[in-house]
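Have a look at this one before I ask anything.
Labels for the chains are A, B, C, D, E and F, by order of writing; each one numbers its residues from 1.
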Amino acid sequence: MGKVVTLGEIMLRLSTDTGIRLAEAETFHAHYGGGEANVAISLANYGHDVTFASKVPANNLGMAVKRHLQRYGVSTEALLVGGNRLGTYYLETGVGERGASVIYDRVGSSFAQMEKLEWDLANLFKGVAVFHVSGITPALSLKWQELTIELIRYAKKAGCKISFDSNYRKKLWSQEAAGATMRKILPYVDYYSAGKLDALYLLGIAPINNQSKPEELSYYYQEIQRLFPTISVLYSTKRRVRSASANDLVGTLWMNQKYYESNCHEINPIVDRVGGGDAFTGGILHGILQQQEPQAMVDFATAASAMKHTVQGDCNPFSQQEVADFLAADSGKINR
Amino acid sequence: MGKVVTLGEIMLRLSTDTGIRLAEAETFHAHYGGGEANVAISLANYGHDVTFASKVPANNLGMAVKRHLQRYGVSTEALLVGGNRLGTYYLETGVGERGASVIYDRVGSSFAQMEKLEWDLANLFKGVAVFHVSGITPALSLKWQELTIELIRYAKKAGCKISFDSNYRKKLWSQEAAGATMRKILPYVDYYSAGKLDALYLLGIAPINNQSKPEELSYYYQEIQRLFPTISVLYSTKRRVRSASANDLVGTLWMNQKYYESNCHEINPIVDRVGGGDAFTGGILHGILQQQEPQAMVDFATAASAMKHTVQGDCNPFSQQEVADFLAADSGKINR
Amino acid sequence: MGKVVTLGEIMLRLSTDTGIRLAEAETFHAHYGGGEANVAISLANYGHDVTFASKVPANNLGMAVKRHLQRYGVSTEALLVGGNRLGTYYLETGVGERGASVIYDRVGSSFAQMEKLEWDLANLFKGVAVFHVSGITPALSLKWQELTIELIRYAKKAGCKISFDSNYRKKLWSQEAAGATMRKILPYVDYYSAGKLDALYLLGIAPINNQSKPEELSYYYQEIQRLFPTISVLYSTKRRVRSASANDLVGTLWMNQKYYESNCHEINPIVDRVGGGDAFTGGILHGILQQQEPQAMVDFATAASAMKHTVQGDCNPFSQQEVADFLAADSGKINR
Amino acid sequence: MGKVVTLGEIMLRLSTDTGIRLAEAETFHAHYGGGEANVAISLANYGHDVTFASKVPANNLGMAVKRHLQRYGVSTEALLVGGNRLGTYYLETGVGERGASVIYDRVGSSFAQMEKLEWDLANLFKGVAVFHVSGITPALSLKWQELTIELIRYAKKAGCKISFDSNYRKKLWSQEAAGATMRKILPYVDYYSAGKLDALYLLGIAPINNQSKPEELSYYYQEIQRLFPTISVLYSTKRRVRSASANDLVGTLWMNQKYYESNCHEINPIVDRVGGGDAFTGGILHGILQQQEPQAMVDFATAASAMKHTVQGDCNPFSQQEVADFLAADSGKINR
Amino acid sequence: MGKVVTLGEIMLRLSTDTGIRLAEAETFHAHYGGGEANVAISLANYGHDVTFASKVPANNLGMAVKRHLQRYGVSTEALLVGGNRLGTYYLETGVGERGASVIYDRVGSSFAQMEKLEWDLANLFKGVAVFHVSGITPALSLKWQELTIELIRYAKKAGCKISFDSNYRKKLWSQEAAGATMRKILPYVDYYSAGKLDALYLLGIAPINNQSKPEELSYYYQEIQRLFPTISVLYSTKRRVRSASANDLVGTLWMNQKYYESNCHEINPIVDRVGGGDAFTGGILHGILQQQEPQAMVDFATAASAMKHTVQGDCNPFSQQEVADFLAADSGKINR
Amino acid sequence: MGKVVTLGEIMLRLSTDTGIRLAEAETFHAHYGGGEANVAISLANYGHDVTFASKVPANNLGMAVKRHLQRYGVSTEALLVGGNRLGTYYLETGVGERGASVIYDRVGSSFAQMEKLEWDLANLFKGVAVFHVSGITPALSLKWQELTIELIRYAKKAGCKISFDSNYRKKLWSQEAAGATMRKILPYVDYYSAGKLDALYLLGIAPINNQSKPEELSYYYQEIQRLFPTISVLYSTKRRVRSASANDLVGTLWMNQKYYESNCHEINPIVDRVGGGDAFTGGILHGILQQQEPQAMVDFATAASAMKHTVQGDCNPFSQQEVADFLAADSGKINR
């Protein structure tokens, strides 16, 4: 099993029960998560040696984050302690036609306010196969735009493969700013999670007409790869949102100059879709680390993502065996 | 924003969690609601100045009602305190093929036992644009049949528009009694919520053949209007009950001699359908008070009703902006 | 109403909320159940005089079992107290594509470790119309293979009709062992719950080609009856597992040399499917005891089974009237 | 073990969690209880053959009552089904200095509105050793004042010992009315639960000076016995209310012309004091039926009452063995 | 009843169940509160016309605050909507020897970041009898030190009595800064809540020797009044912290040149002590507005404070009648 | 910080809410714990490098154990996976006079059924400062009596200090068997947790008269040390059980030929006393590893134990800093 470092912000999510609005809620459920932390947990569950690097405040919420990560066997040696606060967000769960609604309260967090790279980088990246980071990190501050690139360069030089998840969030930065930064990052990237919208609006790739055919995504993947030839793997999910309670999910992968796609998973009902994309990324990186065949890789990753939708919380708690059994099984039966 | 008075009974609902039967339940959820109170809350949430008139006992359940109404900004100045008890009902939530089951325990309530109009009517209706009442109130007692008409006459004279929701409940009175009373009420009514069944069985309108076509409802609306020409707006929802967990909902409106219909909302899963009709009425009255276009009015009202089905409790807690966003949005997405 | 004895193991089920995994669960729901106990409760709810015979430990878990059975009016006079422990199992509820997962922890239970028939059999079977037992009991130990046959012989001699539910569980014994034992049991059996898989793999009946047609099941039922001519009633459910949250259910019955089938119930969402088969058996035995027409019997039994899926817990808590109302009703409506 | 019949009203109690007020509560806990029902359950738990006679409505709340009683092995053969409603009451649990507060909503219940004795009395009292009833029953209506006496006369004639619990409730009737009725009842009574306040205010016994000494209660017991010489056993608890969370409890007994008193139980914290008196009565009647020594009887009954305070709900769920172990044990230890 | 304005920050409190630590908690309870908001609710519950002025963000947490205040009848006309976030804090409830622990996360809140007085002050203070503010507000920013004085001057000029609660919080500012600001505020103050520690460390009053005697507090109250002669009423509670679960509470009052003290309330167990001081202040201001006798005033206020400790949440939900009944009652009894 | 290995069984505890009996409970709380696991977690929380060695089944309950330990930073490298089941026990929480009651269901567990030492012992004990085990392990089977001694010998030889907690459980073995085994173990032991009862009944030390004086315990400690001179540290807690809800706790220590005792902690209310002794042991071992002064050591350990009583669950979740702050603080205050 490979050694992996993921780095990013981790937040406290406060959510209500389905059918209860935030403004009347008497209790909130507490979950801890963030894109890179969720990927770290997936990989640790599959048996990899994973470290999550971040910064949390020196209080019991910081301790909660530490315990959350340790619970799944993620190393917290690079979890810095200090700064002012843990970023939080409030989630009013969607149901049926009504989508979820989110209030972000992440400004001023210990991680977002970092001014320099406080980790011992030489030590952090020693023997690491893959370094994973996402587009949320450079979106947190101008300083983090610099720091993210600095990190990636350092990791690349230290021999890591660079995994980057686009994860564009319009509430954090503009398409222009994101595009400019990403174009600086992508020349170092090996594995890139991005889709048609990233290609069109962040990377300025010209549109193509035949929509919603597999060929369409192949085109964008190829175009991205043409622009950034270090990228060897491209992947993303296609989600058909029937309602907040029912989605269809297909995983896609571009690898070895070929397009792969999983079967479609009808996810109904959705228990919690937060972290569904991260579970997919976790599955893909696992496949890469395990040197699986591309089709097996995208099937596994999509199954992992579909399974994530069936449990509360941001992270995917299933083991490699459980995902494999899910893939193999007729679905929905009691196993007795 | 307009000034509105609604008047009627408000009850304590005691319900079980989905999948738990009443006879084994260890806990009941408490909600307070009633048709006219629910309409009052909808309108207050949309920014109108609303008073709910009723009577509750001088104990902490009466206090609970007061706090429930105030929470949403409904004035409780006309909430009389006295009498013997708060009406209650028990709801065993339905699921899938199994419909909900209800035990009414409302006999002898403070409101039902009123013998005269104890409000200062002159004050109650001063400056009021719309007075809303439903067919449940005259069904509570012979005395209330008289009092309801007295109230409506007084309000009409005071310059209010009269809004009346048919709300026929066979457990409370016969079709004959209801029809006779409603025929006395309708000559004063401006806005009337009723459907085909009301037309056929309460108002004695002759049936028409071409069922389940829009033209059918137009016919009944026109016939009602012919009988009671003061009515300028007629409206109701058409609900296709796929199961206790999934309904299709369409709103209909007759206004300016024309029939309007909303898109169909596929409500799946239903979190709580109690109050769905009241949310629709609240939306229509809001449209009238705001002088919206009929199509916008019925679209908004149906959206509000569909949203109500996604939250626990009898009342619709959404603001005008939230309903408008829901109408505009692709449904079911996380907004981040 | 008839007098019935059912006999078997009853266990504590510890299950998690939907969307919560066992390994992270902070609370477990406790339910008590077992095939024969569930049938006993169904029949008691329909007004029959039912005794459940089993053995539970002399502690508060044994007391819990007693209270569970008494709550529904099942006699616990034949509930022996002693031995080492109550069998338990852990259920991680399935949802959508992800099936439920079960951990059995039933070895060494008070019932499974019984070495002889400790009941006063003469008294137990006095005046009893039907004795019901299932294939789980002989699967518990070699000793129980002997004891089960001994019991059935005794009951038969005492004038009881013998009801037997195949209930093959591959985790408990092999197809060979099960088939051998069942072939010893079936010559005494009057009412037999079994399906195509039992016919093929336990009873060695040759397969037939025209699959998924009603004629197919008729064939297997006839073949079974040919082998064991004392059997007068054969029945089972056909379940189409769309997902762990949605199943289609049809009840089938072979009686008076004729095949009967219920309408199909679309069960969506499933609240708890454990005990769904036992609820069907309870309905069939009720029909037999009431001498209902075969079609009414299978319709009632399937409705009872579908209703069971809408409530938490192993047993079917509905009364005969409630099942009848469910059958008669348009589904999914609020009854007010 | 003896055969016992208790008769009275049983109600649904709706209570809030400690620290949550009724007017803001989102959930209520449901418990079923009533003085005579609670005594019935205590005695059934001790192994006696007990029937509880009452009347409940033909709905799922009536069913809930039936299941509650059956759960503890109380026969519901004399539980009539019919009438309008189940009496309810709301309990806002007290804590520390703040006492509990109660809203009664029991008017018009199926039991209270009974107009005649609908049971088959000959059958009801056949072979019954003790018939137990309390002063709440005649307080429910003028009709019930007659019916209670009629019942007691019938039971006495049928050979039952009559057990009567004074249970004076000032919210239900005046001291005058209660005193008059009780003076008609007491000439038939064998076992009487009453205290100093009953003696003074209901039975008009002259006060005595030396307060709070054992001799004081002896005086009142003797005076009562002098007036009603059929009474052979008198008993009650003395409760020192330190706060709503902490009480001291002593049981007292007058028997064989002698005064007995238990040790003092320091009950802290109180989990739920409702039914504490009924648990004491259950213990005394058990002692009588078992022909225990008076000191053992009052010790057992007081222990049972103290134990009741440590569990949620109206009834005492402990077995005879558990009460005996509690009496024998050093308190408060883990038994492992 | 008088007209009152209170002004300050209101926050979301996220707390755990007793015995559950923050770092492992899966759910948080949500309560909304702040010193001045809590006082506003107390006064509204006693029947006064109260407005709470503050600023909350334009999201559903801001809406939650509005609904919380309205629920108790507090006017939210001066509740501004805007800015970045709602201040929050996390509370790990204390129990026994272990005190509560708090994580503040209030920096950058909509209220704290106000740069000018955005209310229409002329309208806000029109006809207002008392304006209440606390020492937390000037502690929020340098700007708020200015704004607080500006507000108080404006209110004073508009004819309000000024009520000021010292509420010194060492985590927000130093004793020097607090003392300097308070010395600027106190010349305008009429009713001042402060104690010995305020006198010593903020106002620089010389210590006196005879500790823990009533005379001691009289001395400090007199010294404060000597320095700031506009102050006509001084008050505070004396709390003996036996443990986090048990406190003794005495209310003290200096008025008409005389010292008054309530009886001691033994509060055990404490359900929630947050807001206990605000409930006391609410009681004192109610007494002033009602022109009660000083002894009655301090007795009522202390009772209200003691009652607050028995309920969850920051605010005191009891009515004037309930507090009066509590004062009159023997404590801890069921009232039936 | 030192390196520590603890070894023993870990079980699933299923407990009810206070005031809810096992036989009626609808939910159980799940906690994982065992003496040696609890000590491991305490030491990990204090910053030590701790490994817990045990064996759990290859299912999600085994996974739950792993996640529980990892959450607190305990290494699970020596957590073997295999065998039949996880030992469980049921706890009905005590309250007031009523003690807790426990049902053990631990027979046949993966750990108890081990037949040989399956760990790589050379690796397990490499660089380990302290090896901790308790008297429960040899009580599990005759095989474990041998294996325990084998383990201790190996560890001793590998250079570990041996820590042994007597932990005598009469339900597992007789005093004779325990005494015989312990006398074989103690010659290897360095740190021994035992008290007067161990001295008298297991080790056969003659009693001494002056009870309940500090000198008494000194006598027994000295006698034990005389018999087993390798023991350098002896310790235990003295607990005065006022009730199941209130205990007084004093820690005692014999070290450097001197007796030390902590202050008395009044623990009221007790939230959960399970694991209180293990928290004390954890504190003592921390003191030893940190080379603290004996008085500081016993004060810290007793504080840690007292704190454990204030939280749910078997393990002590507090950090060294939190225990130190607790020791230093005036108790029971809100820290703001």
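Just so we're on the same page, contacts are C-beta pairs under 8 Å (C-beta built on N, C-alpha and C of every residue); 3 or more make two chains touch, one makes a residue touch a chain.
These figures come from a predicted structure and were not determined experimentally.
Student: What is the touch distance from chain C to chain E, in steps?
Tutor: The distance in steps between these two chains is 2.
Student: Could you see whether C-D or B-D has the larger number of C-beta contact pairs?
Tutor: The comparison resolves to B-D.
Student: Taking the mean of the CA coordinates per chain, how far is chain A from chain C in Å?
Tutor: 46
Student: Residues of chain F that touch two or more other chains: which are they?
Tutor: 21, 23-24, 26, 63, 67, 71, 101, 269
Student: Among line, ring, star, complete and other, which one matches the pattern of chain touches?
Tutor: Contact map by chain: other.
Student: What chain-chain pairs meet the touch criterion?
Tutor: A-B, A-C, A-E, A-F, B-C, B-D, B-E, C-D, C-F, D-E, D-F, E-F
Student: So in the complex, which bits of chain B are touching chain D?
Tutor: Chain B residues touching chain D: 14, 21-30, 59-61, 63-64, 67, 84-86, 88, 90, 92, 101, 103, 105, 107-108.
Student: Which of the residues in chain C end up touching chain A in this complex?
Tutor: That would be residues 18-21, 23-24, 94-102, 104, 169, 171, 241-247, 269, 273-274 of chain C.
Student: For the complex, which residues does chain D have touching chain C?
Tutor: It is residues 63, 67-68, 70-73, 319 of chain D that touch chain C.
Student: In the complex of these two chains, what residues of chain F are touching chain E?
Tutor: Residue list for chain F touching chain E: 71, 265-272, 306-307, 309-313, 317, 326, 329-336.
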